[in-house]
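Take this structure, written in structure tokens, and hold onto it; I'll ask about it next.
Chains: A, B, C and D, in written order; residue numbering restarts at 1 for each.
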Amino acid sequence: MTRPAGDLAHIGHAELLTPTAEESLRFFVDLFGMEVEASEGQSVFLRGFGDYGRYSLKLTEAPLPGLGHVAIRAWDQASLERRVGAIEAGGRGEGWIDGDVGHGPAYRFTDPDGHRFELYYEQERYQPPPRLRPALKNVPQRFTGRGAAVKRLDHVNLLATDVAANRRFATEQLGYRLYERIELDDGSEAGAWLSLSIAAHELIYVADAHAAGGRLHHLAFWVDGRDELLRAADFLLDADVPIEAAPSKHAVANGYFLYVFEPGGNRVEVTSGGYFVYDPEFEPIVWTEAERARGQAWGVRTVESFHTYGTPDVSGKANGPPIPPTSAIPVRGRVLPDGVD
Amino acid sequence: MTRPAGDLAHIGHAELLTPTAEESLRFFVDLFGMEVEASEGQSVFLRGFGDYGRYSLKLTEAPLPGLGHVAIRAWDQASLERRVGAIEAGGRGEGWIDGDVGHGPAYRFTDPDGHRFELYYEQERYQPPPRLRPALKNVPQRFTGRGAAVKRLDHVNLLATDVAANRRFATEQLGYRLYERIELDDGSEAGAWLSLSIAAHELIYVADAHAAGGRLHHLAFWVDGRDELLRAADFLLDADVPIEAAPSKHAVANGYFLYVFEPGGNRVEVTSGGYFVYDPEFEPIVWTEAERARGQAWGVRTVESFHTYGTPDVSGKANGPPIPPTSAIPVRGRVLPDGVD
Amino acid sequence: MTRPAGDLAHIGHAELLTPTAEESLRFFVDLFGMEVEASEGQSVFLRGFGDYGRYSLKLTEAPLPGLGHVAIRAWDQASLERRVGAIEAGGRGEGWIDGDVGHGPAYRFTDPDGHRFELYYEQERYQPPPRLRPALKNVPQRFTGRGAAVKRLDHVNLLATDVAANRRFATEQLGYRLYERIELDDGSEAGAWLSLSIAAHELIYVADAHAAGGRLHHLAFWVDGRDELLRAADFLLDADVPIEAAPSKHAVANGYFLYVFEPGGNRVEVTSGGYFVYDPEFEPIVWTEAERARGQAWGVRTVESFHTYGTPDVSGKANGPPIPPTSAIPVRGRVLPDGVD
Amino acid sequence: MTRPAGDLAHIGHAELLTPTAEESLRFFVDLFGMEVEASEGQSVFLRGFGDYGRYSLKLTEAPLPGLGHVAIRAWDQASLERRVGAIEAGGRGEGWIDGDVGHGPAYRFTDPDGHRFELYYEQERYQPPPRLRPALKNVPQRFTGRGAAVKRLDHVNLLATDVAANRRFATEQLGYRLYERIELDDGSEAGAWLSLSIAAHELIYVADAHAAGGRLHHLAFWVDGRDELLRAADFLLDADVPIEAAPSKHAVANGYFLYVFEPGGNRVEVTSGGYFVYDPEFEPIVWTEAERARGQAWGVRTVESFHTYGTPDVSGKANGPPIPPTSAIPVRGRVLPDGVD
């Protein structure tokens, strides 16, 4: 087990593609409580109240939903160049771009499944306008408390045809630490939880039910405390947002979750909790099929769409996210309908 | 709509029957955090830290699990006698008993489904021993914070072959207010939420899938705040308690819930939340089959055992509470096992 | 101890006077998260998301801040007339008015300290416009989650030159139950906590340090859970709202509190917690001077302004609420400044 | 700003001295909810439910309370030797010891103020006995939920006559990152918040009002969520534990706090919250005297003892922790006693 923070510090931002740009923007601003920091071309740059950089979400209009790219910040210029050298040697490099809103030159590459990544170092620090100046000098922005009021991008979960190959790429070429993984009875790998820090997960790969390549499972945004997830669920329910999975606790990584679909069809999570890995000799947790069949931490069974849906959708069904099914429990005679107290 | 608090004040205690007296006692003391206030014969009398009376749970050894009786306290002696007169006139009365630990003479009767009730007025106020004296003079007992640390009995949920008949008995003869109910498409009543106070539910009837009579759905114990339910779920999981339904929020009555089985096989709930009914003209909420089919407040689907299991169990299956099923989601090829992040 | 809910049901709304109408309106809408339900003359009518009536706060422009009136709803017309008769007989009646936005005829009177009250029965139920329709049919309005996001008016705290006289008026003429009170060493009464329901306080009288008459200590608005108070404190701090007392827990009545000043100079509270009084024989808690000198529940000392400031301000100091003092702890040599971790 | 995790990983444990060994042990077991993992000589080794190692607190009987030592674990053997070399060169080294319960050889040294530290690498991983086996394989121990139920040692706060000298030693010789500090108007440094990870503080130095050397301000133990602090305050209040500072939020480092005294006289904290430092270019926050005079995050004024008391006590007053003062607010005439709602 290598120590965390080799050359790369953290995911600075992720780019999300949406076919319904205006509705998605309204979602992230009005319902997730993010602020618009900049706009350029087909993209809007959004921040949570705790982001030290200018933004952590780049929202870009596109024909189909899905992931644009994941941008990882290096610890310094030398670290950046070292990682670029390794990636180039591995043959997955695409070359440098001049930079983007808020950050300097970035090196593009893809992971084995075809998701686009960028590495960069130079970055502008956020300067709040007067209306967003905080009362305390050690926080970057005023807490506006709007809707789910997410603090920052927390982790990125990517679908992959070959989880093991992508997991190896992340650990060997990017310096991620592997904290947890799922190994099925046939020996194949169904999920890998990776981090650059002591936080239990920052990058996740889970098996794609369709061999499509480059698909997104979800982006997760942080809130401070599990109570915030319950509040967000009340709020999002009343805002007519489709809830895929109500607040509960994951077995893997111990995170609290709430999964919803934003209007573009992408799955997004409000997350909190998890654990810290302080142990220099930490051995990755390996979950078996039987263990995972027990459901989430408190026994909640995962909804089926969670295993099958990603963006862009390749199911051949009508566009858009899955509609949560109504109860299949028979309601007749003396059998109670779903949900009786 | 009549005003609350006609003649009866609240459910003072409930008696729970258990075939595994010692294990059930350990459950309520060690895991639910209650205190033993007294013992007599086959019964132990247990209290939550917020009970003003000596106890709110009478735990009695018996061949089968289920409800012993529900004891309701009247506002005063005259009110008690008025209610007894009404019940006697209705033909469901059984007569007076001398009293029990902590309370005076009580009048016994059964509801139309055959559950035993008692009405009483005279009651001893709790006097904490030195080790349980609280710091603040306006609370009855020290907060020991053990396990789920329930505060008091909150509500009783009874199965009934004919919900409407029992609901009418509760409103007409006992003075309960009806706050919510479920009406199926065939016009039958599947559930009724009743209260003597502004709290949204104190007594509930739900349809029994088996026409057995007198069965218990669950007893619910209060905690102050939904955060306590999440904590209790972590604690009870690690204590090997079977969790039937993980913490979430009911649509009906808006209560937060956590359902588990105590060792005797009875379902017990840790509850919080709900709403207050301040409106003198409040009209009972009526839920249709289609509305209830949407699941709980945030869309969580109720587990099937919740609709079929009660105590005593009459399903003909092996004794004991239902074992929560493992995932039925197929785990093969590229389909993820249940619970991937 | 009489049973609760004699003739009166609950405080339907309170009228708050403000010399800075526009700023106060922005405060209650943008920071407390209330909705404007109506406007008329110099008044705006505001509601919390949980109010079953159209509003619970009437905000009225006036030269000085303070209380306009407190309006209490009766259980029915006969109850209303019974209370009016009693008040008229007591000589404090002022006569009927035709009604106001959302409610019918009301009878005006003053308590012994000169605060204006109204009693009424007929009231319109709230009908949400499309943008505020909730997902669940048993709640009156969508949860918009804006700022402190208060649910409803919870209680009213009035200053009184003679607490005992006003307490007696409330219990004898209005039917309030007395749950707690403070009795000083000289036998005088410094505070009385009163309720029409099982909730621990709905109307409070505390001693006025100035014999001005008719002054307001604060209006309190409910949130579901103590976690909401901590969130509100973060939000209000960043919104530049003067915080008089940070979130903590009262010894008296066990309520969680957060006290701030709205722009008009009135003290307002965000509150949760407290206890329920189920005991028909409940004896009021009496606190001595020595007991109250121990501070709030966890030992927090109350800020001095809490004992001296009310609206309208009669201290002779500059208008406006007291500015929370900076630390008086000497900072020199090796003595640490206030607040070191 | 150097990247975190140079050679040292985290504080593995701290040793606390107590003159009342039995009472202190009961405190940490019964009230803080820790488990006894081992005993040896005058010491007992205690763990929180989230400690991956065998313990994080070594409790040792001694004539006076205070700090025994702080033990920091290195990332690997080479890192350990590199740090030892640096410390030896700096002249503060004391030499190697063979190890202690649960860990291998350790190198002893003192910081400039005279606090004893140890560095080590080899460590045993915790193996729970059957009664403490958790339900989930990615947590080290069952959650017993007893009392404050602390998860692990979080940070150590040390008093120092010369904060700047100790801060430099920690950053230069141990590789700590400096995240926040207080600089008084005279240019002297009153506090420094240091970390080896992205967590906002793991080691803190604050100015000692007495030039005694080697004194302890407090040890802090983590709980997951600010709601746990409020619960702990209720529990500890009823357990007769002296509360120095009720739950609130620090301005510096944004941590939630609850400060109490354990029976030996040492100050201990229950903590949660704080922020993560993901920025590779993070500039330490510098607080001025005027800024700190505004109190804690929500304006709460720090109690005076927090600035003056440490262990061992050198104030010349009677032994034992300071008794929280009762209110000095005059209670006479119309002035209300402390704490009126």
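Simple rule for what comes next: contacts are C-beta pairs under 8 Å (C-beta built on N, C-alpha and C of every residue); 3 or more make two chains touch, one makes a residue touch a chain.
Note that the structure is a prediction, hence the values are computed from the model and not measured.
Participant: Hop distance check: chain B to chain D, minimum number of steps through touching chains?
Facilitator: When the steps are counted carefully, the minimum from chain B to chain D is 1.
Participant: Could you quickly compare A-B and A-C and let me know which has more C-beta contacts?
Facilitator: A-B
Participant: Measuring centre to centre with CA averages, how many angstrom lie between chain B and chain C?
Facilitator: Taking the average C-alpha coordinate of chain B and of chain C, the gap between them is 33 Å.
Participant: List the centre-to-centre spacing of chain A and chain B in whole Å, with centres computed as mean CA coordinates.
Facilitator: 41
Participant: Mind checking the centre-to-centre distance between chain A and chain C? Centres are C-alpha means, answer in whole Å.
Facilitator: 43
Participant: Got the chain D residues that touch at least 2 other chains?
Facilitator: Counting only residues that touch two or more other chains, chain D contributes 136, 225-227, 234, 237, 251-253, 297.
Participant: Touching residues of chain C toward chain A in the complex: what are they?
Facilitator: 134-136, 142-147, 225, 227-228, 231, 234-235, 237-240
Participant: Please give the residue numbers of chain A that touch chain D in the complex, ascending.
Facilitator: Within the complex, chain A touches chain D at residues 3-5, 9-10, 50, 52-53, 73-76, 121, 123, 125, 136-139, 180, 197-199, 224-227, 251-254, 273, 275-276, 278-282, 285, 287, 291, 297.
Participant: Considering the complex alone, what residue numbers of chain D touch chain C?
Facilitator: 157, 161, 182, 184-186, 190-191, 193, 201, 204, 206-211, 226-227, 230, 233-234, 237, 243, 246-253, 255, 257, 289-290, 292-302, 304, 306-308, 324, 326-327, 329, 331-341
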